[in-house]
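Quick one: the structure is below, questions incoming.
Per-chain residue numbering starts at 1, and chain names A, B, C, D and E are given in the order in which the chains are listed.
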Amino acid sequence: MEAWILSLVTFFPVVGAMLLLFIRKEREAAIRWAALMTAVVTFLLSLLMLSGFDSSDPDLQMVVRLPWFSIGDLQIEYFLGVDGLSILLVLLTTFLTVLSIISTWTAIVERVREFMIFFLLLETGMVGVFLGMDLFLFYVFWEFTLVPMYFLIGVWGGERRMYAAIKFFLYTMAGSIFMLLAIIWLGLEGGTFSVPDLIEAQAIPGNLQFWLFLAFAAAFAIKVPMWPLHSWLPDAHVEAPTAGSVILAGVLLKMGTYGFLRFNLGLFPEASIRLAPWVALFAVIGIIYGAAVAYAQKDVKKLVAYSSVSHLGFVMLGLFALNIQGLQGGIVQMINHGLSTGALFLIVGMLYERRHTRDMDAFGGLWRVMPIYAGLTLIVVLSSMGLPGLNGFVGEFTILIGSFGSEAIGSVWFTIVAVVGVILAAVYMLYMFQKLFLGPLDNDKNKVLLDINRREIFTLVPIVILIFWIGLYPRPFFGLTEASVAKVVELVSSAAITMR
Amino acid sequence: MTVELAIFLGLAVVAVGASIAMLVSRNAVYSALFLVIVLFAIAVLYLLLSAAFIAMVQVAVYAGAIMVLFLFVIMLLGTENVESESRRPWQFAAALVLSYVLIIQFLVVAIVLPGDFGGEFGALVDGFGGPASIGILLFKEYLVPFEVTSLLLLAAMVGAIVLTRRESSR
Amino acid sequence: MTADTLFSLAPLVILFPLLGFVFNLVAGRRISERGAGIVASAAVGLAFVIAILQFVALGLDPAGATIHIAEWIAIGELEVDWALQIDTLSVTMLLMVTGVGGLIHIYAIGYMHDDVRFQGDPSRFPRFFVYFSLFMTAMLILVTGNSYLTMFVGWEGVGLSSYLLISFWYEKGENGIGNALAGKKAFIVNRVGDLGFIIAMLITFWFFGTLTFEEVFSEAEAMGAAAVTAATAITLFLFVGAAGKSAQIPLFVWLPDAMAGPTPVSALIHAATMVTAGIYMLVRNAPLLELATVTPNVIAIVGAATALLAASIAVARFDIKRVLAYSTISQLGFMIAAVGIGAYVAAIFHLVAHAFFKALLFLSAGSVIQGVEHGHHHADSAEEDFNPNDMRVMGGLRTRMKVTFWVYLIGALALAGIPPLAGFFSKDEILADASHVNPAVYWVLVLAAFLTAFYMGRQVLMVFFGKPRSKAAEATKESPATMVAPLVALAVLAVGGGLINAPGLLPLTRFLQETLAGIEEPEFIAAIAILTTLLALASIGLAWLLYGRRPIKSRAPDPLQSRLGPVWIAIRHRWWVDEFYDWLIVRRYVSMARWLAEVADERFLHDWVHDRVIALGYVRATHWLASVLDLRFIDRGFDGLGALTRRGASGLGVLQTGYVRNYAAAVFIGLVLVVSYLLLS
Amino acid sequence: MIPGVSMIHILILSGVLFTLGALGVLIRRNAIVMFMSIELMLNAANLAFVGFARSMGALSGQVFVFFVIAVAAAEVAIGLALIVAVYRNRGSIDVDMVSDLKG
Amino acid sequence: MSSSDLLSVAPVLIISVWAILLLLLDLFIKNKGLTASLAAAGVAAALVVVIVRFGSDQVAFSGMIVADTFSDFLQIVILITALLGIAVAYDYLRRMNMERGEYYTLMLFTVAGMLLMSLAGDLILIFLAIELLSVPLYVLSGFARPEKGSEEAAMKYFILGAFSSAFLVYGIALIFGSTGTTNMAGVAASIAGNHANLTLLTIAIPMLLVGLGFKVAAVPFHMWTPDVYQGAPSAAVAFMSVGAKVAGFAALLRIFVSALPELSQTWGPVVVAISAATMIWGNVAAIAQSNIKRMLAYSSIAHAGYILMALAAAADPSVSEEAVSAALFYLFAYLFSNLGAWTVVLALERSEGRGLLIEDYAGLGRRRPALALAMAIFMLSLIGVPPTVGLIGKFLLFRVTIDAGLTGLAIVGVVTSLISAYFYLGVVIKMYMGTGEPESRSEGWLNRSAGLTALVTFLLGVLPGPILILARSSGFLTP
C-alpha cells in the first residue's frame, strides 16, 4: 500500500473526471452519481491512507519518489508524502468534496458534467498541494487549483461572476508568481527541490531567508487571506456557487496557512522567528477587522466570507506562536474553520436555493418554519464562535494559549486583542443568527419555506458530528499531528538558538 | 591635401548633395534621378577603392536595371507627386533629430573614440577586386550564399508574380 | 458502600440532565407535554439524588475526590481532562442547583403549559425543557469541573442556554425582536466577561503550567510570595469574568433585559443558579484571592457599589420582574462584596439562601403574572398594550391569590432580612464580617439593605394590597397545583434556610472548611442584627406610608416622583447606564464596523485600492505613456474591470498609429538609444 | 593607391549616406521614394564593405557587396510589385494612406 | 566541399529542391490538396533527415554552415511548424477562397530560409537567409490580395523589413570592418585575440540588434507585428508567428552567444532592457485588444520578451548553455501553444474578417466544447499555468535568469505574466461564460491540428522530460 496509496488519493478524482466524459451529458443523474461515487471512493482511499499512517513518526510517510524530469543538475521529482502537518488537511479535502458534491444535487442544473469534472480536478489539485513534497510539483498543483476554481466561479457563479473569477485568478496568481521565483532561487541555492531535504539542510543564511520568506508569504498571505490582502475573498465567495464557496473556504484558504506551516516555518525558521511579531500583528488586525466588517454586512454570504478573514487570523496567530500549543491549535483550527465555515456556506446555499436572495433583511423568524435547519445552523454558529465543547473552542483556546506564551511573538497584547476578537465573533455570529432565525416571521415569502430535506440534512450532519467530536475529544486529531509538529517546533527553536 | 583626397571629397559632396536632393524633391522622378547620381558617385568611389568588378555591377545592376525599374513604375503609376505638406510635423522633426544624433554618433565612433582604422590605405595584391578573384571566392568559399541568392531571386520572382497577377475569379 | 464507590457515581449528576436533554431533543415532540416536563424534572430529580449521595460520601470522606472521565486537550504541557471535582464546595452547589432546580422544573410544567398558549405556539413546549436540561447539564459541569477549562465549558454552556431561554419567545418583545435582542445582549455581555476569564486562564497556564484547580492552588501555596503578582492579575481577570456572569458593575446591564425569558427561567437561571456562578468561581479561587493584593478590595468595592446601585434602581421599577431582577443584582453585589472581604462562607451561605427566597419570589411573581394574564383573557379587556408584568395594573391580589400572597410575603420578608427568615441570617453574616473588615463597604451595604426592604415593601403593597387597578387584576385567580406546590416547598426553605449556617452551630462553615482551608468562623454581632432588623422594619414602614396608606391609582405617578425629584429621574432611567453603554460602545462599534465595511473595506480596499490604484493607476500609467486616449476602445464592453484596464492599455495603442513611418521612427529611436547607451557606458 | 584617403573618410561618408537614407524613410510618404531611400542605405553599407575590403585587403568584403546587390534586386522585385498592387487597389502609394490597421 | 558537407545542409536542399519542383508540378495539379500533401511530404522528408542526423556536430562549407545539435533542434521546431502550418492552411485557404499552389511553394522557400538561419555560421549567410525567409513572407502576408488589409500588411511588413535589414547589413559591414571577417568563429577569435576594432562594434551591435530584433518582434522594433498579424491571412500568420520567431532567435543566439561572447558585458544590459521593455509592452498592449489576431500579435511580442530573458541570461558565460537550452525548450513549447491558438482563430474566422473579435468567441464553450477546451489549454499555457508546457517553459526561463543574477528581470517577467493572465483569461471567459452562437464549421485538418497541439501542450506540461533532455543536449553552440 505504501507506494501507491498517495498517488491514488491524488489522482483518483482525475480518473473519475475522465470517466464522466463517457457519460452523455443529458444523463445528469448518472453524472451526479458517478461524480459522487468518485468522491466517496477518494474519501475512502484517504481513510485507507489514514489507517496506514503511523502518528508517532514525525517524518513523511508512504512516500513516492520518482524522478520526473531534470533541469540541468536539478532533479525535479514526482515526490508525494504525507505527515502530521498535512494528513488532516487531506482528509478534510476529500471529506468536504463529498459533501459539496451532494450539496450541488439540485443547485447545479446547467452543464452538470463540466461542473463535476472541474470539481474533481479541483480535488486532485488540492490534495496534490498537500501531498506534493517537491517544490516544483507543489507549485504545479498550487497553480493548477486556480484553473478549475476559476471556472467554477466564472461559469456557475452569480451576477458578477466574471469579475470575481478573474479577480480571484489574478490576485492569487499575483502572489504565487513571486513564490515561483523564490522556489527557483531555492532550487538553485540548495541544489534540490525536495522539501524535506531542503529543510534538513537548513542552508539558507538569515538575511536571505528574509526575502525568500516574503516571496513565499506573498503567495500564502493572499491565499489565506491575511489582512489587507483579502479584497478578492468576498467577491469570490459571493459569486461562487455554494459548493465552490465551501471548497474555497474549507480547503483553498487552508492551502495558504498550510504553506506557511510547511514552507515558511520549515525552510526559513530564522526569518519566521524574526517576522513572527509582524505576522501576529497582521493576524490580529485581521481578526478584529474581519469581525467588525462581517458585522456590518447585509449579505449573509459576505458576512461568512469576512468571518473567514477573522478566523484565519487566529490560525496565523497560532502558527506564528512557534510553540507546540500554537501550532497544534493552528492546525486544528484550520480543520475547524474548514468544517464550520464550510457548513455555513452550505447553510447559506440551502437558503439561497430556496429564496434566491442572501439579503439578511429579507429573512427573520425562520426558526418557526425551518426548525431542523435552525437547530443545525445554531450548532454551526456556536462552533464558529468558539463555544467550549465544540470544535472551534479547542482550536481557538490552544491558539491563544500558544500565542500568549510565545517567545517569538513577544508580547501578550496580540493575544489580548485576539481575545477581543472572540467577543466580536459572538457579536456578528449571533447577529446573523438573529437576523435569519429570530424575530417575527413577517415576510410572506418566508412563510412557505420548507425545512431542509434528508439530503441536505445528510450534508450537514457529518460536519456536526465532527464539530462535537473535535470539541469533546480532540485527542485523535491532535495525536495525528503531534509528532510532526514537535519536529517543526524543535527545528524553529534550534534556529532560535543559532540566532542568538 | 592630395589629389585623391580631393577627388574623394568631391565625390562625397556629390553623393551627399544628391542624396539630400533626392530626399527633398517633391517629384519622385527627380528623386530617382538624384539617386542615380548617388549610385554613380559611389560606383566611382568603388573604382577608387580597387573594386572594379563591383563598380561595374553597381552601374549595370543598380543604375541600369533597378533604377530603370523604379522610373518605369513611377511613370506607369503616374505617382510623381503624392505628397502634400507633411501632416505630422513632429515626425519630421523627430526624424531630423534622430538622424542628427546618429551622424554625431558615427563621428564620435570614427573620430573621437580610439580605434584602429588602419590609417591610410596600403598596397594590395594584383588583381584585387577583379572579376576573376571575386569569381573564385564566390564559387569556393561563398558557394552556399551564392546558391541561396539564386533561390532568393527565384522566390522573389514567384512572389512578384503572385502579387501582381490579376485575379479574375474574385 | 465506600466513599469512593459513591464518588464514582458523580458523573451521573451530569449524565442524567444530559440524557434528559437528548431525550427531549429527539423525542420531545412525540410525547405529551407533561411527559416532556416529567422527563426533564426526573432527570434533575435523579441528579439531586446523586448529589445527596455525594453529600453522604463526603460524610465518609470529607476530602472529596477527583473523578476522571476522559482526556480532553493534551498538547505539550497543556493537559486538561474531562474530570469532576467532588468536594464540599461543589457538593453544596450541587445540592442547591439540583434541589432548587428540581422544584423550578416542576413549577415550569404548569407554568409553561399556560405560557405556550398565551404566546400562541404550544408546539414549543418541549423545546423549553430541552433548553432547561441543557442548562442543568452545563450548570452541573460548571460546578463540578476540576479545572478552569472544564469550568469554562459549563460557564459558556449556561451562557448559551441562558441566551436560548431569554430569546425563547424570539418573535416577541419590543418590535417583535426585543426578546431576541435581550438574549443576544446577555450572551455578548457575558462574552466580555469571558474575555477576563480566558485571559486569566492564559496567565494561569503560563505561570503555573497547569489549569487544574488543585495543582494551581498547591503550586501557588508552594510559591508563596513569588506568586502574589500573578495571583493578583489572575484574580482580577477572573473577577471580570465573574462580573459578567454575576451581573456586577460594569457588566450588569444584561440581567434586567434577561427577564424577557419565561419566568421559570428568571427564577432558575437569573436568580438562583447561573448568576451565582461568578461567586462560586471566586470562592473556588479563594486560595488565590488570599494571596492576591489588590483584588479583594476591588471586589469588595465593586460588589458593594453594585448592591447599592441596583437597589436604588429597583426602587423605581414598575415591572414586577424587573424589580426582582435589580434586586438580584443587588443581592449578588452582597455576595461579591462578601467574597471581597474574605467572607467566603457568608457568600456561599447568602448564595444558597438567596437561591431559596429569590426563586420563590420569581416563581410567585410568575404565578402573579400568569394570574393577571388569565384575568386579562378572562375579562376580555380590550387594552391593546396590556402588560401583565406591570405592577400598576395589579393591586388587591391578596384576596384573589391567597397562597401566592403568603409565599410571596415570606419571600419578600426573607429578602428584606426580617428574622428569623433565611435572608436575615445570611445577610447578617455578611454585614457582620464587613463591619470589621471594611467599614465603608459595611455602610454601603447597610444602605442597600435599607433600600431592599423598601422596594420589597413597595412591591408587595402595590401588588397585593389596595384595590385592583385593572379588570384583569379583578379577574385574577390562583394558579394550579403544579405551580403552587413548589412555591410552598420553596417558602419552607426560605423560612428555614437560615438554619444551614445558623449562628452557633455553623454547619455550613464546618462543611466548607474541608475545602476552603483556614476560613474563620463568623461571629454573631447582636448590635448589627438589631440595627439591620430595625432598619428593615423602618423601611417597610416607610413603604407603607407611601404605598400602603393610600394605594396609587393605575395611571398616577409614583408618589416618590415628586418627593425625590431629580434622584427619581436618575433611578427611573437606571442612572443612564444602558444609554451610556449604548452611546460609548454599541454605537461606536456599529459605526466603526460600518465605517470599516463601507469605507475602509468596500470603498478603500476593494474599490479604491483595487479598482482605482491598481486598475486605474494602470490606466493612468499607460495614458501617461501615450497622452491621448484612443476613443475607439472606450465603448467596448468587456466587463467592469476589463473596460478600465483595456481603456488604459489602449493608451499604448495610440502609439500604434498605423503609419509605417512612425514604426520606422520607433526602430530608429531604438537604434539611437542603444548606440547612445553603448557609447556612454 | 589613393594616399590621403583613409578608412575614416569612407566610414564617415558611408555613415552620412546611411543616415540620409534612414531619414528618407522617415520623412517621405511616397512609397517609391521610401524604397529608394532604403536602396541608399544599402549602398551606404556597400560602400563601407568596399572600404573595409580595401582597408584590410580582404576581398570577401567585395563579395558581400555582390550579395547585397542581388538582395536589393530581389527586394525591388517584390517591393515594386507590392507598390503596383497597392496602387491598383487604392489609387495611391502614399504610405500614410495605407494605415487602416492600427491600435 | 564534400558529401558530408552536403549532408549537413540536406534538409535545406530537400526543401529548396522540393520547392522548385512543386512550383512546376503545381501547374499540372488541379486539386490543391495534393499540392499541400506534396509540400508536407517534402517537409516530412526533411524532418526525417534532421532526426536521422541529429547529434552529429559538423562545420561545413569552410565555416559557412554549422550543423550542430542546436541547429538540429531548431530545424525540428521549424519543420514541425511548417507541417502544422501546411495542415492549418489547407482548410483555411479553401474556406477563404484563395487556394493557390504558390502558397505552399512560398512556404517552402521561407522554410528553407528559416532552416538556413539556424545553420548559418557566417553573418552574410544569416543576412541572406533572413531575406530568403522574409521575401516569401512579404508575399504570403499579401496573399489575400486584393483584400486591403492583407495588402497593407504586406506593404508595412515589406517596408519595415527592408528598412531593418538595411540596418542588419550595415551592422554586418561594421563587424566585417572591425574584425576582418564575417565568419562567426572568426569574429569570436578576432575579438578574443584583441584584433578587433571595438569602437566600431558600438554601432555594429545595435545595428545587428535592430535587424534581428525586428524579426523576433522585440520592442521597440516590434511595431509592425500587430498590424501585419491582423492584416495578413491568418494561416500565414499562424505559421510565421512561430517560424520567423524561431529563425530570428536562432540567429540572435548564434551571433550573440557564439560570435560575441567576449562582449557579453556590453550587450547583456541592452538585451536585459529590451527584454523587459518587450515583456511589458507586449503584455500591457495586449490587454487593450478586442481583435484576437492583434491580441495574439502582442502576445507573440510578449513571448519574444520572455525568450530574450534567456539571451540576457546567456550573457553570463557560466549559464549560457543552460540559457540557450531554456530558450530552445521555450521555443518548442511556444510552437505548440501559439500555433494551437492560431489554429482555433483560423477555425473561427469567416470571410471579410468576421469572427475575429474576442466577442465572437462568446459561447464557444457550449457550441464547440472540444475546440474551446483546446483554446483554454493554449491560453493557460501562454499564461504559464499548470498542467501545461507553458509553465515548464517559463520555469526554465526564470530559472536561468535568476541563475545569471538577473532577479530584477525575472521579477518583470513574473509580473508581466500576471498581467498576461488578464487578457488570456479574457478569451476563456468569453468562451465559457459569455453567451453567443459562434459560427464555425468543423474542418478536419484544423480539428486535427488543434487537437494535436493541445495534446502536446498538455502532455509536455506533465512529461517534459524527453524534450528537456533534448533541449539540454542542444544548448551548446559550436564555436
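The rule is short, and it goes like this: contacts are C-beta pairs under 8 Å (C-beta built on N, C-alpha and C of every residue); 3 or more make two chains touch, one makes a residue touch a chain.
The shown structure was predicted, so the numbers you read here are calculated from the model rather than taken from an experiment.
Note on connectivity: the fewest chain-to-chain touch steps from subunit A to subunit D number 2. Identification of common neighbours of subunit C and subunit D yields B, E. Chain pairs C-E and B-D differ in how many C-beta pairs are in contact, and the one with more is B-D.
When chain centres are defined as mean Cα coordinates, B lies farthest from subunit A. A simple rule picks the central chain: find each chain's mean C-alpha point, then take the one closest to the mean of all protein C-alpha atoms, which gives A. Separating the CA-averaged centres of subunit A and subunit B is a span of 70 Å.
Per-chain Cα centroids separate subunit A from subunit E by 43 Å.
If each chain is reduced to the centroid of its CA atoms, subunit B and subunit C end up 100 Å from each other.
Centroids of subunit B and subunit E (each the mean of its C-alpha atoms) stand 31 Å apart.
Residue positions 124, 128, 131, 135, 138-139, 142, 145-146, 154-156, 159, 163, 167, 202-203, 226-227, 288, 422, 426, 429 of subunit E each touch two or more of the other chains. Touching of two or more other chains is recorded for residues 7, 11, 21-22, 25-27, 29, 34-35, 46, 51, 55-56, 60, 67, 71, 74-75, 78, 82-83, 85, 95-96, 98-103 of subunit D.
Shown for subunit A are the residues in touch with two or more other chains, namely 162, 166. This structure has the following touching chain pairs: A-C, A-E, B-C, B-D, B-E, C-D, C-E, D-E.
Note for the complex: subunit D touches subunit E at residues 7, 11, 14, 18, 21-22, 25, 31, 34-35, 38, 41-42, 44-46, 48-49, 51-52, 55-56, 58, 60-61, 64, 67-68, 71, 74-75, 78-79, 82-83, 85-86, 88-90, 95, 98-103. Note for the complex: subunit E touches subunit D at residues 124, 127-128, 131, 135, 138-139, 142, 145-146, 148-149, 151-156, 158-159, 162-163, 165-167, 169-170, 172-174, 176-177, 180-182, 226-228, 230-231, 288-289, 294. Within the complex formed with subunit D, the residues of subunit B that make contact are 1-5, 7-8, 12, 15-16, 19-20, 22-23, 28, 31-32, 35, 38-39, 42, 45-46, 48-51, 53-54, 57-58, 61-62, 65-66, 69-70, 73-74, 76-77, 79, 82-83, 86-87, 91-92, 94-96, 98-99, 102-103, 106-107, 110-111, 117-125, 128-129, 133-134, 137-138, 141-142, 145-146, 149, 152-153, 155-157, 159-161, 163-164. Listed in rising order, the residues of subunit C touching subunit B in the complex are 659, 661-662, 665, 668-669, 671-672, 675-676, 679.
The touching residues of subunit C, counted against subunit E in their complex, run 622, 633, 636, 638-639, 642, 645-653, 655-656, 658, 660, 662-664, 666-667, 669-671, 674-675, 677-679, 681.
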